[in-house]
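Before anything else, here is the set of structures, which you'll find just below.
First chain A sits with chain B, and in the next complex the same chain sits with chain C.
Up next, the complex of A and B:
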C-alpha cells in the first residue's frame, strides 16, 4: 500500500505541471512569437507588427550582408574558442595543482570561485579602471616603468574584452573539475604508483581519462555559455566600440532591438543565436560522447 | 493522504509561480505596487481634491504614490535640487514619489518609448519636447486640457517661449532652458601660451590654438564619440547653417541642408585627423574623457549648460564650499564660427524639456489632483529659480529670482554670454526621430576613421529618416 504512490504516475505529473506551464508561458511562447516577429515589420519597441517583410525572409538575408553582424559572429566564435581553451583549460590546470597540495586547498577554491559571485557590472567597472588609457592601473604601472600609455581598449579591444569574461568563469569550471577529482578513488592512484605511474603519467593515464565525462560537461556548458555572453562586454564596450569592432551576437541583438528599435531584425538575430546554440551543443555532444568506465 | 499532500504542494507551487502575474494587489500581498497600494478610492470631484492637496497635507487614507520620471539624474547638476524638491513636496503633501529618474541617454529614451507602448508609463515625467516625445503625445495632456479643469495651471509660464511638441501644441511645462557652448580650462591655455578666446572667436583661430595646445603636449579638446557625439555634431552643423536655416532637416542629398550637414561632418573629421581630440576618443566614454578637462589636461570641452554646475561642484570641497581661485580657472566662451551664416554669438539653446502629465494618471481620480499639484510645485517660481539659477533661461512670466551676491565667477561669465547672445536656436537633433538619429551618431566613429564618408552618413540618414 505504501508503495502505491510510486506506481501511480498521476501525482508526479501534478508536480511537473507548474514548471511545465511556466516554461510554456515564459520560454516557448515568447520564442515562437519571436520567430514570427523576425518575419514581420516592427519598428520601435512595443509597436505591433505592421505586416510581413517582403520577402518574408528579408531579415535572414540581411544577417549575411550586415558587416556588423559578421563582426559579431566572428567575435562570438573567438569567445567560444577562448572559453574552451582558457576557461576550461585554466580551470583544469588550476584544479590539478590544487588537488596536489595538502594545505590551503580550501583557500584556493574560495579564491578562484570568488569572481563568480561578483556582479558583471562591478567587474566591468573594475576592468575598465584597469584598462583605462588615462590613469588606468596598467598604464600607471607602465608609466612607473617609463613606458608610454597604451590605448588598450582600442589597440587590443578583443583581448581586453575576452580577458575579464575568461577570468570570471574560470572558478565555476574549477569547482566542477575539483569535485570530479575528489570522486577519483585514492586506491587507483596508489595502484598506479605501485606500477610506476607518477607525476605527468598519473595525470595522463589516470586523472584525465577518469575526468573525461566531467570535462565533457564543462566544455558543453562553456561553449553554450559563450553564445550568451552579454553583460560584461556591454558594460566595457557599449555600442560595439571602438568603431564597431567588439560586437558579439548578444550585444548586437540588444543594440538592434533596444537602441535602434529595429525589433524584427533583433528577433532574427535572436533566432540565429538559438539556432547556433543548438547546433554547437549538438556538435559538442557528438564529439565529446561521455564514456562509461 | 499522500495524494492530498502532493496535490496541495503542487497547487501551492503553481500559485507561487503565478503570484507575480496578478494585476490587482491581494490581501496576502506583502508588498503591493506602491501606486495602487496607498491610494484610496475617492468620490471627491477632482477640483475639490486639488484644492485640498494644494492647501493642506492629505491624511494617510488620501495619500497617493506617484510614479515619476525625470532626466535630473547622474551627473546632471540639478540632480541634488531635484531630490530636494521631491523631498519637500512629499513632506508638504504627505504623498509619496516612486522616482525612476535616469540620465537621458538613448537607452533610457528607448525605455520611455517602451513604457508608453506597453501602458506602464509614469504618472508624471520631465522629458524632451521634440521628436523624442512624438510617439506618446496621444498619451499625455496639453496644458489647455488641464487648464479646462485647473484654470491656474502653469499660469506663471509664458506660452510663447514654452517649448511646443512636434504637432505645435503645448504639453510640457518647462523648468530651465539649456545652451550649448565651449567650456575652457584657462590653466591649459596658459600652459600652451594660448590667449583666452574673445567674442569673435573664429574657426581658423580655434584650429591654430588647438595646434599650439597639442604641440605643448596637452590635449586640445576633451570629447568622446562613443556615447556623446551630440554636441560636436550640432555645433559643427550650426557653423555651416544659420539661425534661420539650422532647423531644416535634409530631404535630399543635394539640398542645402544636406550640404551643410556634410560640411559639418567633414569639419569634425578635419579636427579628428589633426589629432586634436584625445587619442582614445573612439574607445572611451564621455565621463572618462571629461576628466582630462577637469584635471587640467585638456583645454576645451563642448557641452551643455548643465556642465557649468559640474564645474562648480568639481571646484568645491566636500562641504560644498567653492574654491573661487580654482573655479576662476574655468570659463565658457562662444563656439568658434566659420564666418558663413552663423555669428560666434549665435548660440544653440532654448527650452526642450518640461513636465508632462499622462492620461493614465489624469484618468485616475485618486491621482489627478496630486499630479497637477506636483507639476505646479515643480514649476513654481521658487523651484524654477533654484533649478535655472544664473546658468539658463526660463519661461517664467516674472523671470528668475537670483541673489546676485551668491553668484560665482562662472555664473557671471555665463550671464555675460547669454546676455550677449545674438540668437538662440533650438538643437536640430531634437527634431530628428530617435532611430535615424541613433544610427547616424553610431556611424560617426566610422566616418572619423574613414570607413564611411560624410556623404554616405548623411545619405543613410535621409534614407532612414521619417518625419515625425
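Up next, the complex of A and C:
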C-alpha cells in the first residue's frame, strides 16, 4: 500500500530531525529536569542546582504547609468550578438558543468568539478600568443610580478576578457546542415532533444525550484550561494583591520563581500543577463516562 | 427544528443579543474613551468622544512616551518567526509521519501525544537555565532576547501543529504525488509543489493559531523580555500600570491599539481563526 515515492527513506531524516530536535530539547529534556529541580536547592533563576534538598522531598512538604499556596489552590479550584458551570453552562444555553433562531447565527458566532483573540494583557487593563474604585465604569453606573462606589478589587477580589476569565472563553465553548448541534440530524427532531415531543422534551431527550460527548470534551477542556490561567489574573491582581488573597497556582509559581528567586520551590509547584491536571482530567473522564447514555 | 412562535423567537433574540452586548460593549467603550481627555474618562465615561470632548493626545503620548510602535514591531518579529518556523517544521514532520512507513514511527507518535500534556509552567525554568547557558537569555541584547522568546514558543506549538497537519495530509489522495514523482520530482519538491498548495486550509489554520498564541502568550514573554527596549506589545501592556500609574487615557489608547489590528484581521479571517483556535485549545 506504500507508494513508490516513499520507499527511499533518505529525505525522512531531513523532514523529521528539525521538529523532533525542538521537541526533545524544549519539551522533554526540560520536563525531566524540572522534576529533578523540584528536589534540589536552587537560588535565583538561571542558576544551576547547588545540591539536593534535605530531606529531598522538602518542597512538597512545604507545599502543604504554605498558607499562600493553600490560597492559590483554593482559588484555582474555584476557578475550575466556575469555568465548568459558567463557561460551559452559559455556552450550552446560548448555543441551544442559536440553534433555534431563524437568522443571525453566524453573527452571534463571530461576536461571541471575538474576546478570545484579544490578548489577556489588553483585557486585563480594560477590566481594571471597568472595576477600579475611583471613577471606574461600573462605579460610574452605580453613581448614576445613586449608589455608593464599591471597591471591587478589594471587597470582591475573587469574583472580580474570575468574571473576566469566564467571560472571555464562553464563546469558545459556544462554537464547539454549536458545531456539535449542527451534526445532529434534523430527521430525529422531525420524528420527535410527530410523536408529540415539545421543545423542552426534545432538548432533554434528544439534544442533550446526543451532545453528551461534545459536552464531555468541553468540561475536560475547561478544567485543564482553568489550571493554566495566568495572564488576566496576573495583570489585574499582581503579586496576589490585595494581601495575598488572589493567588492562583500559576501566578504563585511565577512569583516564587521570579520575584522570590525560590526556583526549586517554583519547580515543585509546576510539578504539582501537572499532577493536579492529570488527576482532575482523569476524574472528570471517569465521572462523565459512568453516565453514558 | 426552527421555533414557530414569534414570542419565543423574540425572547431568544433578546437573550442572545444581551450576551453579544457584553462581548462588544467593553471594546466600544474603551475605543470611545481612548479619544477623550484623560480626566473625562473617570468622570464622564459614557459621553461620546465628540466636539470638545475629542482629543488625539492619548495616541501621541502612546507613540512618544511608551514607544508602542517599537513594541508592535517586536511583537510582529517574534510572532511571524514563530508562525513561519512552526508551519515549516511541523509541515515537514507531518508529511513524513503521514506518508512514510518506518521503524520508530509509533515511538514518535507517542512522543507527540505525551508532550502535549506538558504545560509551559513545568518546562520554563529549565528552558531559561539552558538558554542562559547558551548566552541567548538575559544577555541584555534585544535581538537575542526576542530569539529566546521565540524558540520555546515554536516548540510549544509544534506538536499540536503536527497532529493537525498529519491528519489532513493523510486524508489527501496520493495520485497527485505519484504523477509528480513520475515526472521526476523528489520528495522535497513534492512537499512544496503538491502538499503545501492542496493542504493550504490546514496550513492556514496552523499559521493563525501559532501566530495568535505567540502574540498573546504573556507567560513566556515575562521570563525572557526584561527591559523596555525588548518589550513586545503584550509585555508592554503588562508593565503599563506600573509605568504610567493612573493615566487612563494612555491605557485606553494602548488597549485600542492592540484591539483594532486584531479586529481587522479577525473580520477577514474569522473562519480560519475560529477553526484554528478551537482546534488549537484541544492541545490541552
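Assume the second predicted complex is superposed on the first by the 267 of 293 C-alpha atoms of A that agree within 3 Å, B and C clash if a C-alpha of one lies under 4 Å from a C-alpha of the other, contacts with A are read in each partner's own complex, and residues count from 1 in each chain.
Assume a residue touches a chain if its C-beta (ideal position, glycine included) is under 8 Å from a C-beta of that chain, and two chains touch if they have at least 3 such contacts.
Predicted model only: the values in this text are computed from it and were never measured.
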{"item": "Touching partner for A:200 - first (chain B), second (chain C), both, neither", "value": "neither"}
{"item": "Partner chain in contact with A:274 - chain B first, chain C second, else both or neither", "value": "second"}
{"item": "Contacts of A:231 with chain B and chain C, given as first, second, both or neither", "value": "second"}
{"item": "Touching partner for A:45 - first (chain B), second (chain C), both, neither", "value": "both"}
{"item": "Which superposed partner A:243 touches (first chain B, second chain C, both, neither)", "value": "first"}
{"item": "Superposition-derived comparison: chain B or chain C, residues of chain A touched", "value": "C"}
{"item": "Chain B versus chain C as contact partner of A:172, first or second or both or neither", "value": "second"}
{"item": "Partner chain in contact with A:54 - chain B first, chain C second, else both or neither", "value": "neither"}
{"item": "Touched partner set for A:145, first chain B, second chain C, both or neither", "value": "neither"}
{"item": "Common interface residues of chain A - those touching chain B in one complex and chain C in the other", "value": "5, 11, 14-15, 18, 22, 45-47, 134-135, 258"}
{"item": "Of chain A, residues touching chain C in the complex", "value": "2-6, 8-9, 11-12, 14-16, 18-20, 22-31, 33-34, 37, 45-48, 90, 94, 97-102, 104, 107-122, 124-130, 134-137, 140, 167, 170-172, 175-176, 179, 186, 189-190, 193, 199, 202, 217, 220-221, 224-225, 227-228, 230-231, 234-235, 250, 253-254, 257-258, 263, 266-267, 269-271, 273-274, 277-278, 281"}
{"item": "Chain A - residues contacting chain B, complex", "value": "5, 10-11, 14-15, 17-18, 21-22, 43-47, 132-135, 151, 153-154, 157, 238-239, 241-244, 258-262"}
{"item": "In the complex with chain A, residue positions of chain C that touch it", "value": "1-3, 8-9, 12-13, 15-16, 19-20, 22-24, 26-27, 29-30, 33, 41-43, 45-46, 89-90, 92-93, 95-97, 99-102, 108, 111-112, 115, 117-130, 132, 137-138, 151-152, 154-156, 158-159, 162, 174, 177-178, 181, 186-188, 190-191, 212, 215-216, 218-219, 222-223, 233-235, 237-238, 240-241, 248, 251-252, 254-255, 258-259, 262-263, 266, 270, 273-274, 277-278, 281-282, 284"}
{"item": "Sites on chain B touched by chain A in the complex", "value": "2-3, 6-7, 9-10, 13-14, 17, 106-107, 110, 113-114, 116-118, 135, 226-227, 278-280, 282-285, 288-289, 291-292, 297, 434-435, 438-439, 442, 445-446, 449, 451"}
